[in-house]
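In the two assemblies presented below, subunit A is common to both, partnered first by subunit B and then by subunit C.
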Partner chain A sequence: MAEWDSGTKETVKRIPFLTVRCGPRDKEDWAKRLKEELTALIKYIQLNKASDSDWFTITANKEGTHWSGKCWYVHELLRHEFAFEFDIPATYPATAPEIRIPELDGKTAKMYRGGAICLTVHFKPLWTKNSPHFGVAHAMCLGLAPWLAAEVPHLVETGAIAAKA
Partner chain B sequence: MSDEVVDSNPYSRLMALQRMGIVHDYERIRSMTVAVVGMGGVGSVAAEMLTRCGLGRLLMYDYDKVELANMNRLFFRPEQAGMTKTDAAAQTLAGINPDVALESFTSNITTLEGFDAFKASLCDSEGAPRVDLVLSCVDNYEARMTINQVCLELGQAWMESGVSEDAVSGHIQVIIPGVTACFACVPPLVVASGIDERTLKREGVCAASLPTTMGIVAGLLVQNALKHLLCFGQVTRYLGYSSLKDFFPTMDIRPNPGCANTLCGRRQTEAAAREASPEARAAAAAAAAAAEAAAAAEAEAPVHDDNSWGIEVVADQAEPSGSGGESNIGARARGKPGAPPEGLQYSMPAGVTAEELRAQAVEDSESNIEDLMSQLDALNKP
Partner chain C sequence: MEDVSVEDLLKELQSAQETKSSARLSERNVVELISKLQELGFLGSDLLHSINGREYLTLEHLRSEVLQAVEQAGGRIAVVDLPALLGVDLVHCERQAAAAVSGSGASLQAVQGELITQGYFDNLAAEINELLQEAGVVAMGELARRYALGAELMQAAVGPRVGHAIRGRLEGGLLYTAAYLSRIKAQLRGALRGAAAPVMLAPLVKELDSGMGGGGGGSGRGAVATFYAQNGFVEYEAVRRAGIPGARAHLAAAFPGGIALDSAFVAPELAAQVEAGVEEALDSAGWADAAALAPAALSPADAAALLERCPAVRRLSGKGDAGGGAVLAGTWAVTAACLAALQGKVAQWLPEVEGAGEAGALASVLAALLRPGALRVYDEALAAVFSAGADARRRRREAAAAALQAAWERLQLLAAGVAPAAAGDAAASTALARHLVRGEGEEAVNALLRYQAAMRDDEDAPEGQGTAGRATEPLGPLSAGERAAILGGLPQDERAPAAAAVGALGGADAEALIEALAEAAGAAGLRLRRLERRAERAAVAARRAALAEALEREGDPAAALALAVPLLVARVHGHLAAVPGRALGAVIAGLAGGMPPAAHAALAAFHADVVSALRAASGGGGASHRALREQVVLSQAQVHALGRDLAASSDAQDVASKAMALWRQAESSTAARAVARAMICLFFANEVLDAYQKWQHMNTPEMKLRRATYPHRTIHIPFPYLGVCVVLPAAAAAAAGVRVPAAASVLSTEMLWSSGASIWAQLAGLWRHRQRPDELAIKRLAMLGAVVLVLVHSLRRIALRDWALASAHKPAEAWLRDAHDNNLLLLQAVLAVPFAFGYRTAAVARLLALLLLLEAVVCWPAWTTYPTWHYQAHVRSHFCTNLGVAGGLVLLQSVGAGSFTVDRLLQKKAT
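Right, the complex of A and B next:
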């Protein structure tokens, strides 16, 4: 995992790896995978809170197939907060979830229709390489967080978004 | 399908393929069903080609709408902007050839519900595949992995196609579950490197495209599909197209014995068993004998009776010993599963190592899912 900034690298190293290679189409094994997903996420959020760098909330439907929450990024001392959501795809964990920020749809080129953030270059190859050991927590840490860090300053500069009062 | 040669017969030039000895029974195409998944620059053109060829039934899949940004490619017209691609295509194709039965499916196939709906749409009421071939004309890895999984589950042959992001190269690939590599056997070798989140490039999300490359790849794809469906010529298992140097590599990609998809492994075992069955052996022996007889017949009759200049044909380079029609890689890999031939090595980058996994795998939790969900909710409070 070369060339990530040292902070991200240190954090991701401490998120537990998942072991169950199973998606939501297999109800029985999905329950095992979902337990791993939740355990890893809880660990990651606890790490964030401990280092005072909490940056999102997240919750899932009871099947663990639809996830949503709020994420925020502080740019020039102003906090920008967005609602995000994603579904676990049928071919998970061979393929990564598509994280959507619907309120930013149409405001940036680094986004696919429907508000799916572009993860093609910086995250998807890593996911493929590490499948099935990466999970939702890794998608947040290595997918959404870097996207916000790159996109929010640009969106503010171009006037596409302003901090909510 | 009439083969009458009159200006008013839309099929006269197609039926002439029989007269020319290319296709044995062209009319079979009327009883065939093809699914085109993704109606973009490649899929829409492929659909038009199949429609003009008089295909029996065409299933079209896409959840996107036509945009003016698509106008640098073929098929769609500016006045169709805003329509779903499937509706716009059905409109145009029904006008071109009303003999083709068209079915449109306007949903995302990668979601849980979309996957099941896609799989069901390819099957008859008994759950058996009702299509002769699936053509993948999608633009992303997730959709390809979805088609791969559905076709592995159905044992359905499909053809993958793709055009590179820089619009100057493309490929087509035939995937027969268990017989050839599946899409997960040889994942695209993309390795992230040199990325810092602060310097993430903002450009690059908008892929380039050319009507030429898209049209060429669609043509290669449908040509291969016709050969497969109507049993003529040689169906190419993989054909690359690099337009900058007009390089067209072809190869045979054998299934990966270590494929991450367990169903692919099962299909490989089934295919090996089929290949080893007495009927298959007899058929293979008969085919080999026929080929040998044909070669012998050809060798027997000299082209010229005398050769007063003593001209002989020699190879450009010395043939490496033991190289036959089949690649050494395939032969060697089959002899010793898992071991690449001497001098070659697997290049798929290693992800998490076994050691890292032991040290850092998630620990089995005593709590059940409900407990964990409420723990997560508690963490959501500031």
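Right, the complex of A and C next:
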């Protein structure tokens, strides 16, 4: 975990691990998995609130296959907020979800076509190693948060985005 | 967990998000607070933050800080320096600077991006005053340059202050002091007085003289004396220049015994010297020029006077014992003998001159003038005659040696081909060797004997005139008698080996002849170079090209066969062979292993045709000759012709068969090989381009910024020197067909080097983290990689993508369609299996090449634009890799798959 700073590592350790190995195609087990996902997310958000580092909101559809929300990052005293979304892949939890930020599509090189963020090289091996114990909350913590921390300052510096307010 | 429903949990998630964060007033909270307050209008809109983001400040504060900064900087500061000093963005600094200027009345000015106060100008005036008092005069332009101010501004700043702050006057852009003015006046007065007042010449001369010489006339005398002693003469003019009046008298007094001439005073030694020269000339019945013997500084009249003084000359005119003579043109002393000789010559050339002038004097003078030129021409002609003879001899010897070396190399080349071509047939082997010895062997022996003869001639006739004519004689074959004659003329130690070589001509052992030849040449002092492998290969290639060209032009079937069989031997066995008609059958049988069976059958049939045609002493075999030619030589011209034929055809079936023939010809033609090579080289060129683009990208301002900000996240990419300096030239050379083996070795080394690392990384990733390997790297390894690739790429993914594409509601953008999972890969994977085992390699390779090209064109349109440069590079990489592998397959078509193939096994079983 050379890529993540110590704060992130500490936080990840405190998010509860998931146990059910099941994708969205199996109705019964998926319900169990979804509950675990939600519990982990609630825990993660509570942790964030407690340490006053809340940085996203998230909601899922009823089936728990499509997730969306808002994430924000404060850079140079300005709050930059983006809407994000992702789908649970069919091969979940073996495959990590691909988080998309459509409004940044085409503005940065660290992004695949369609707005999926380009995660660090360490993310996928780590996810594979920890499958099925990692879930949505981990994806947010290890994927989206470091991406924002790295890309938002750069995007602001290059003038690709500006704070809305 | 079981008792809580998903809905409940979702609600809980919602509520968890809605709870207020514990208010730890971190920096970010404060930021949000401030922005909220600004939104609500409590703070007003004139709130700025500093560059480091740690401070808020108001506009008024900034303005006062700007004024303070100006004061601290001594009344003058550049606006661009303000952000660094104040920690506030330049835009705000500029705005507040402008506000400060407009609010300050006239005490603060903004001049060319600088803020300047009146106080600064006061200080400036004081400084200028100091400068002025020191120098007396200062130009305004220089001041402006010195203080980096505009000339007009300087004028405006200095003008009002002249008189009180600056003690001086300003006139025409020049500041000066009263003291300076008075100094100039004094100088002017002095100059004018000097120009107008009279002056006595004598004191002036005295003054100048003492200033220059110091010692007066004494040193001038010394100089004259030294010059005279050294050179044996001194000119009166020089004496006068040295300041000695009455030069003649002075010299006569100073150097008794000297001779006073018209323009110079000469020592007796010099006169003696002239006399010695003249006497020597006269003794040898020649002539002498006094002007040349005397120093060049003496005038011709003086030289003549010197000559007259010589006792020998006096004797000449006095018709003494020297036999008489004359002094011509003043300075020429000519003896009577010389005169008479020249007179004779001139009279011979120009009879009408005889008797002209006094006692033939005109003729003598002419002759004296002409003689040196004539002598020179004679010398040159003599030298040319000598060297020409030597040149011709050397050229003849070298030609003989070169012919021997060439014949010897040919002999070795062909001797190497005897055993493979005969293919174990003893009778054929003997026939081939005898043919070789009779043909090339005899030629080599003749060349050796000629060389030896040439050497002997040189020794016999070193003067060279006699043998020069023989260099041009034709080099035909020597008869046995001639050989014996040359052998007889050789020295003892050369004769025995040469005789052995001649004797070996009668046998049928090429190797023995080669040995005997080498020994004989060694005895004759000539070292023959053994043929190296590389040289042999080059020679074989050259000979093959020559044979192919000759075959192209050959119309006679028998002659074509005689050309085609050695060509095929060279192609199949890699050696040249001289094939006599008698051994043709055996050699053709020996070719069976290395040719396609159909082609071999055609060749055998053609041979039979030719034999029967020769037996029947009538024409024939034209059809199979044509077939053979198609098999043996596939030229570009033929492909063009077939193409034209195809275009002219209208029947569908006809078109199909012709197209197939065209395709067959095209793919094994040299042009197709060149195209395939170019395709492969394109891959390497693209590799280098990739590396260069990466480097370029890492050096863009954006990436530099990133690197500076996050050093641990970015890597250093050095400039691809190796690629640009080595790989690119090698690729170009390989594409152009220059030194292909060397260039290809460089390229494959690079391939192992660069691709090895990436393939290894991919395999390690697969092994350790179950990461999908990158298809590009796998394809680089080999086409076999496609199998592994598709095993790893699940078939389901491809199917899913196809379905998604088909069911997409809106037409996807071109670059959104990711081609990594294209269906052509499936077909490639299926074909890769037989290809890997070498089953029906020809057909499979063709299909694979076609599929690869199709994939390149359809799935990887490298020519369209993509939003990021690296995706563009990636697509181009795919395109070039596909093209490169396809090129390799096309090359494989013409080179062949080798012996470890199922095809070859089947073929072996069949035979």
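Annotations for the structure displayed:
Here is the rule we use: the second predicted complex is superposed on the first by the 160 of 165 C-alpha atoms of A that agree within 3 Å, B and C clash if a C-alpha of one lies under 4 Å from a C-alpha of the other, contacts with A are read in each partner's own complex, and residues count from 1 in each chain.
The rule is simple: a residue touches a chain if its C-beta (ideal position, glycine included) is under 8 Å from a C-beta of that chain, and two chains touch if they have at least 3 such contacts.
This structure is a prediction, so every number in the text was calculated from the model and none was measured.
In the three-chain model built by superposing on subunit A, subunit B clashes with subunit C.
In the superposed model, A:A150 lies in contact with both subunit B and subunit C.
Applying the stated contact rule after C-alpha superposition, one finds that A:I42 touches each of subunit B and subunit C. In the superposition on chain A, contact of A:S68 is made with neither subunit B nor subunit C. Of the two partner chains placed by superposition, subunit B and subunit C are both touched by A:T57.
Of the two partner chains, subunit B is the only one that A:P16 touches; subunit C does not reach it.
Of the two partner chains, subunit B is the only one touched by A:R25; subunit C is not. After overlaying the two complexes on the shared chain, residue contacts for A:L78 are found with subunit C alone; subunit B is out of touch.
Counting residues of subunit A touched by each partner, subunit B versus subunit C, the larger count belongs to B. Look at A:P125: by the touch rule set out above, it reaches both subunit B and subunit C.
Within the superposed three-chain model, A:L34 lies in touch with subunit B and with subunit C [touch as defined at top].
Superposed model on chain A: among 2-10, 38-46, 56-64 or 344-352, the stretch of subunit C in collision with subunit B is 2-10, the rest showing no clash.
Subunit A residues 31, 34-36, 38-39, 41-42, 45-46, 49, 57-60, 62, 64, 90, 109, 113, 124-125, 128-129, 150, 154 lie at the interface with subunit B in one structure and with subunit C in the other.
Within the complex formed with subunit A, the subunit C residues making contact are 1, 4, 6-7, 9-10, 12-14, 16-17, 19-24, 26-29, 31-32, 34-35, 39, 49, 53, 702, 705-706, 709-710, 713, 765, 768-771, 800, 815-816, 818, 867-868, 870-871. Only residues 2-5, 8, 13, 16-19, 21, 24-25, 31, 34-36, 38-43, 45-46, 49, 57-60, 62, 64-65, 69, 87-91, 94-95, 98, 109-113, 118, 120-126, 128-131, 133, 145-147, 149-151, 154 of subunit A touch subunit B when the two sit together in their complex.
Within the complex formed with subunit C, the residues of subunit A that make contact are 31-32, 34-36, 38-39, 41-42, 45-46, 48-52, 54, 57-60, 62, 64, 74, 76-79, 90, 106, 109, 113-114, 124-125, 128-129, 150, 153-154, 157-158, 165.
Across the complex, subunit A is touched by residues 64, 110-112, 114-116, 141-142, 145-146, 149, 184, 187, 190-198, 200-206, 260-261, 349-352, 356-357, 360-363, 365, 367-369, 372-373, 375-377, 379-380 of subunit B.
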